[in-house]
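Going by the order they are written in, the chains are A, B, C, D, E and F; count residues from 1 in each one.
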Amino acid sequence: LERDKYENNEVAGVVTGLAWTSVGGDILFIESILSKGKGSLNITGNLGKVMKESATIAMEYIKANADKWGIQPDIFEKYNVHIHVPEGATPKDGPSAGITMLTSLVSLFTQKRVKKSLAMTGEITLRGKVLPVGGIKEKILAAKRARIKEIILCEDNRKDIEEIKQEYLKGLTFHYVTEMSEVIDIAVTDQNVKNPKKL
Amino acid sequence: LERDKYENNEVAGVVTGLAWTSVGGDILFIESILSKGKGSLNITGNLGKVMKESATIAMEYIKANADKWGIQPDIFEKYNVHIHVPEGATPKDGPSAGITMLTSLVSLFTQKRVKKSLAMTGEITLRGKVLPVGGIKEKILAAKRARIKEIILCEDNRKDIEEIKQEYLKGLTFHYVTEMSEVIDIAVTDQNVKNPKKL
Amino acid sequence: LERDKYENNEVAGVVTGLAWTSVGGDILFIESILSKGKGSLNITGNLGKVMKESATIAMEYIKANADKWGIQPDIFEKYNVHIHVPEGATPKDGPSAGITMLTSLVSLFTQKRVKKSLAMTGEITLRGKVLPVGGIKEKILAAKRARIKEIILCEDNRKDIEEIKQEYLKGLTFHYVTEMSEVIDIAVTDQNVKNPKKL
Amino acid sequence: LERDKYENNEVAGVVTGLAWTSVGGDILFIESILSKGKGSLNITGNLGKVMKESATIAMEYIKANADKWGIQPDIFEKYNVHIHVPEGATPKDGPSAGITMLTSLVSLFTQKRVKKSLAMTGEITLRGKVLPVGGIKEKILAAKRARIKEIILCEDNRKDIEEIKQEYLKGLTFHYVTEMSEVIDIAVTDQNVKNPKKL
Amino acid sequence: LERDKYENNEVAGVVTGLAWTSVGGDILFIESILSKGKGSLNITGNLGKVMKESATIAMEYIKANADKWGIQPDIFEKYNVHIHVPEGATPKDGPSAGITMLTSLVSLFTQKRVKKSLAMTGEITLRGKVLPVGGIKEKILAAKRARIKEIILCEDNRKDIEEIKQEYLKGLTFHYVTEMSEVIDIAVTDQNVKNPKKL
Amino acid sequence: LERDKYENNEVAGVVTGLAWTSVGGDILFIESILSKGKGSLNITGNLGKVMKESATIAMEYIKANADKWGIQPDIFEKYNVHIHVPEGATPKDGPSAGITMLTSLVSLFTQKRVKKSLAMTGEITLRGKVLPVGGIKEKILAAKRARIKEIILCEDNRKDIEEIKQEYLKGLTFHYVTEMSEVIDIAVTDQNVKNPKKL
């Protein structure tokens, strides 16, 4: 099935991640939506324990640092959040979708567009650091196949990129980060999504 | 047991799906009902984790986009929803009942009839896209056996239909979609069900 | 142990089902009681997941269609329901007790007697249809041993009866149904049980 | 360890059951206590699923038939019940402690003494019937070793007693019952326990 | 690791138990603390199901008999209790810590010191009896190594002590009990702990 | 991946622990954050049961001894706490992160900086004692690689240090403790973190 290509950025909460599955590198989408509720967090997509934990960490980090992005803290109590990773037939796990989930939620809570043609991979922490992840080469190849133009990685993954032949990297721009706030600075634009929700 | 044939569309929430089980293609019914309550979602039918997740995704998507179909948001808090997939003896899993569940719930919340002699298969997402699924050939054959006339599929499954011999497709009309809202446009009619509930 | 014979119908909620276990056909009783509470549903009897789901489906169907049988909807919030299938030493599963559980609960909520010397087997759905089940021949023989006189089956199980030798069917009356409401029409009488509860 | 002998009947809720374990017949005690609370039911003693279900069935049966024994229904909401089966090192399961648990709870809620030197074994149902159980011979021998004088059994277990040599039965009186209310009539006396709780 | 020796009795809720692990006899500490809350019971220490049940039994027994030790019943609703058994790397199970947990909780709720240089082992019941346990010889040797001076055992374990050579018992005093209240009489002193909490 | 080196101490709740994994000694970070809530405790990081229990023990100990560190007890009811141990791809278990979690939470609730270049390992208890742990040599080597300068250990682990060659210990200062309060005295400074939260 050839269904993984970059889509547009009209919808809040949709972010492109890079994954390393049993069949090689792949892109995946992180999606999130809000519905009126009491602050529950729903996570789907045939995810393992560690990937579900990433969603919790992203959520708690945003709650604890809401003012960084101008998010009203009472939003967290008035809405339920649902995070989904499509392609339910494929089991997914590991911490590398952390920064993608973080970006998805910040886009959701701010109703701002995510930068176009951007993908990312990196583990998140509660102290605000981005950690390096594995499978970089396979992920980069998948990103190219999907027409991705820019990629966010942990600074500690720079050496993995430097080991890849130059010709495979043509047309790709890399952003190396150490802080989670840098991810948001790069990934979340100032433009509203189409039909933004009033939160 | 020969119990799978298309039935009528008098009851809200009953939609015909196409499934691919260990014994080949089959049709299945998605059923849903409302009872007074506090918004809980009950899912039965001997379903695996991924198929249960589809029900959650459909529900959350509808909650977040209720105005698209004129659904009053307070309904979600005043009723419990129960989604069931009959034939409890057969374990069922996978994401391909997504659009069928979505259609079932929109029919339920609007009390509108589902189009006659229609079946469907496709994965749903939170961003509103329909994703392609597998087992298309077997599903089409099952649909014909059950006297289905129209079928909704993901645009990306068009090529799977094109690979099937023309004679097997006689009498079938195909609707290829990319958006979940297209599914509803095609599948949910403007006619009330028999004895519609006042919600 | 020879303990399976038809009993009387003095108690609300007691209905005779036909089961197909690892040791052949058998009858089983579905029992249910009400106690003051907040609407919880308790299910016991060493049951597997699918049989427990049948109890949930029966309960939700009755809630959604309470007016069909003159049941006051506030009953569901003021009482807890406990459904039990005796003979705890035997694990039980499968969907075929569905119509028996349905009948048990309608008898319970209306405090009406179940028809005498009646047994039944059939899967239930949320859309009100009865589905056929397996093991019909073994179940019929068990019913005769237990002095059952009338049996409710799905219309689609008629052919299974027609394959059984006439001599085995002597003394048995069959009711073939397609709708769940037909089951209740046949099985639940207009007579109060002994010492009916005022609900 | 030789610790199984009949004790006195001073404490409410303590009843002697007959069990059939991997090492042969044995007696066991069912104990229960009340503490102020909101009606929760706590079950301990290294019990399997079916034995825990017996406790639930006993509790629900008593709630639904509280007036039979003059139990004020508001007690169930004002106290938590804890049922325990001592000798935690031994896993226990099966439905045969049903009438023992029933007796324990009726003694507890009425604060009446259980008859002296009495033991019992039998499955309970929600419709008020006692069902026969297995291992009768081994259980009777264990009862004699523990100086039990009277035994309650299901009427359908009478034949198991009749197959035992007369000499083994000397000094034992048998009560054969079919109704759960008969168990209580025989087992629960009109005498208060020592220091009865005011409920 | 040589870390098991008797400590002082300054802190409420700390009691020395005797355990029989895969590597022989050992002492263990039962610890408990109160924090403001709503009556929840938290149990940690890498414990198996039966040992966790002992904590529940001890707690419920104390709730039901609070007046025996002058404990105000409203304490149970205003505090959360946490019981811990240190040395998390070692899995622990079985009923023999029952009287140790009981003593820990009575000391905690009364803020009284536990007797010095005392250890104990015995199963508890809801009817107030102490039951015998196994591994007595190994436990006694471990108690001596840890400088324990007095030991509480079930009366039915007296014979296990009588089978041990006299020379191993030198310097040890034994208390044989049949009632749980005797354990508390012996183990909990009238002296406040250091910095007692006002409950 | 070479990502384990000591970081700064600007953020509350970030503490360096010493771990012993299947691939040898390692440092790990314990992180914790507060978000407005009702006192729930969230624990992530691909942790096993015993390591999760350590987090609970630390939390309950701090609740019961809040005044020791000037923590207002109402904080516990007004905030949710999330403890995370990064590097989700690595399963982690065991009790040795106890004192690290304790330090993390005290830093979090006081918003004070943790001492620079400090790491620690030790089991915690509810009675306030620190217990020794294993793998000391491997942990020390990992600490040196990560540029740690000071290490807190249980007094009972002193002998493990004395068995290590002097040259491996150069540049390291050891603090041996027996009480959990000593850990806090050493590890938590009087300096506010950067941008302290007003609790």
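Some observations on this one:
As a working rule, contacts are C-beta pairs under 8 Å (C-beta built on N, C-alpha and C of every residue); 3 or more make two chains touch, one makes a residue touch a chain.
What you see is a predicted model, and the numbers here were worked out from it, not measured in a lab.
The chains in contact with subunit D as well as with subunit E do not exist; no chain meets both. Touch-path distance (fewest steps) from subunit B to subunit D is 2. Of all chains, the one whose CA centroid is most distant from that of subunit B is E.
The chain with its C-alpha centre at the largest distance from the centre of subunit A is D. Superposing the C-alpha atoms of subunit A onto subunit B requires a rotation of 60 degrees, rounded to the nearest 5. Counting the residue numbers that touch the partner chain, subunit C and subunit D have less than half of them in common. Centroids built from CA atoms put subunit D at 59 Å from subunit A. Subunit B and subunit C have centres, each the mean of its CA atoms, that are 30 Å apart.
Averaged C-alpha coordinates put the centre of subunit D at 51 Å from the centre of subunit F. For subunit E, the set of residues that touch two or more other chains is empty. Chain contact topology: the protein chains form a single closed ring, every chain touching exactly two others. In this entry the chains close into one ring whose order, counted from subunit B toward subunit C, is B, C, D, E, F, A. On the side of subunit C, the complex with subunit D involves touching residues 1-3, 7, 11, 13-14, 29, 31-36, 42, 44-46, 80, 82, 84, 86-89.
The touching residues of subunit A, when paired with subunit F in their complex, are 49-50, 53-54, 56-57, 60-61, 63-64, 73, 76, 94-95, 98, 123, 125-129, 131-132, 134, 156.
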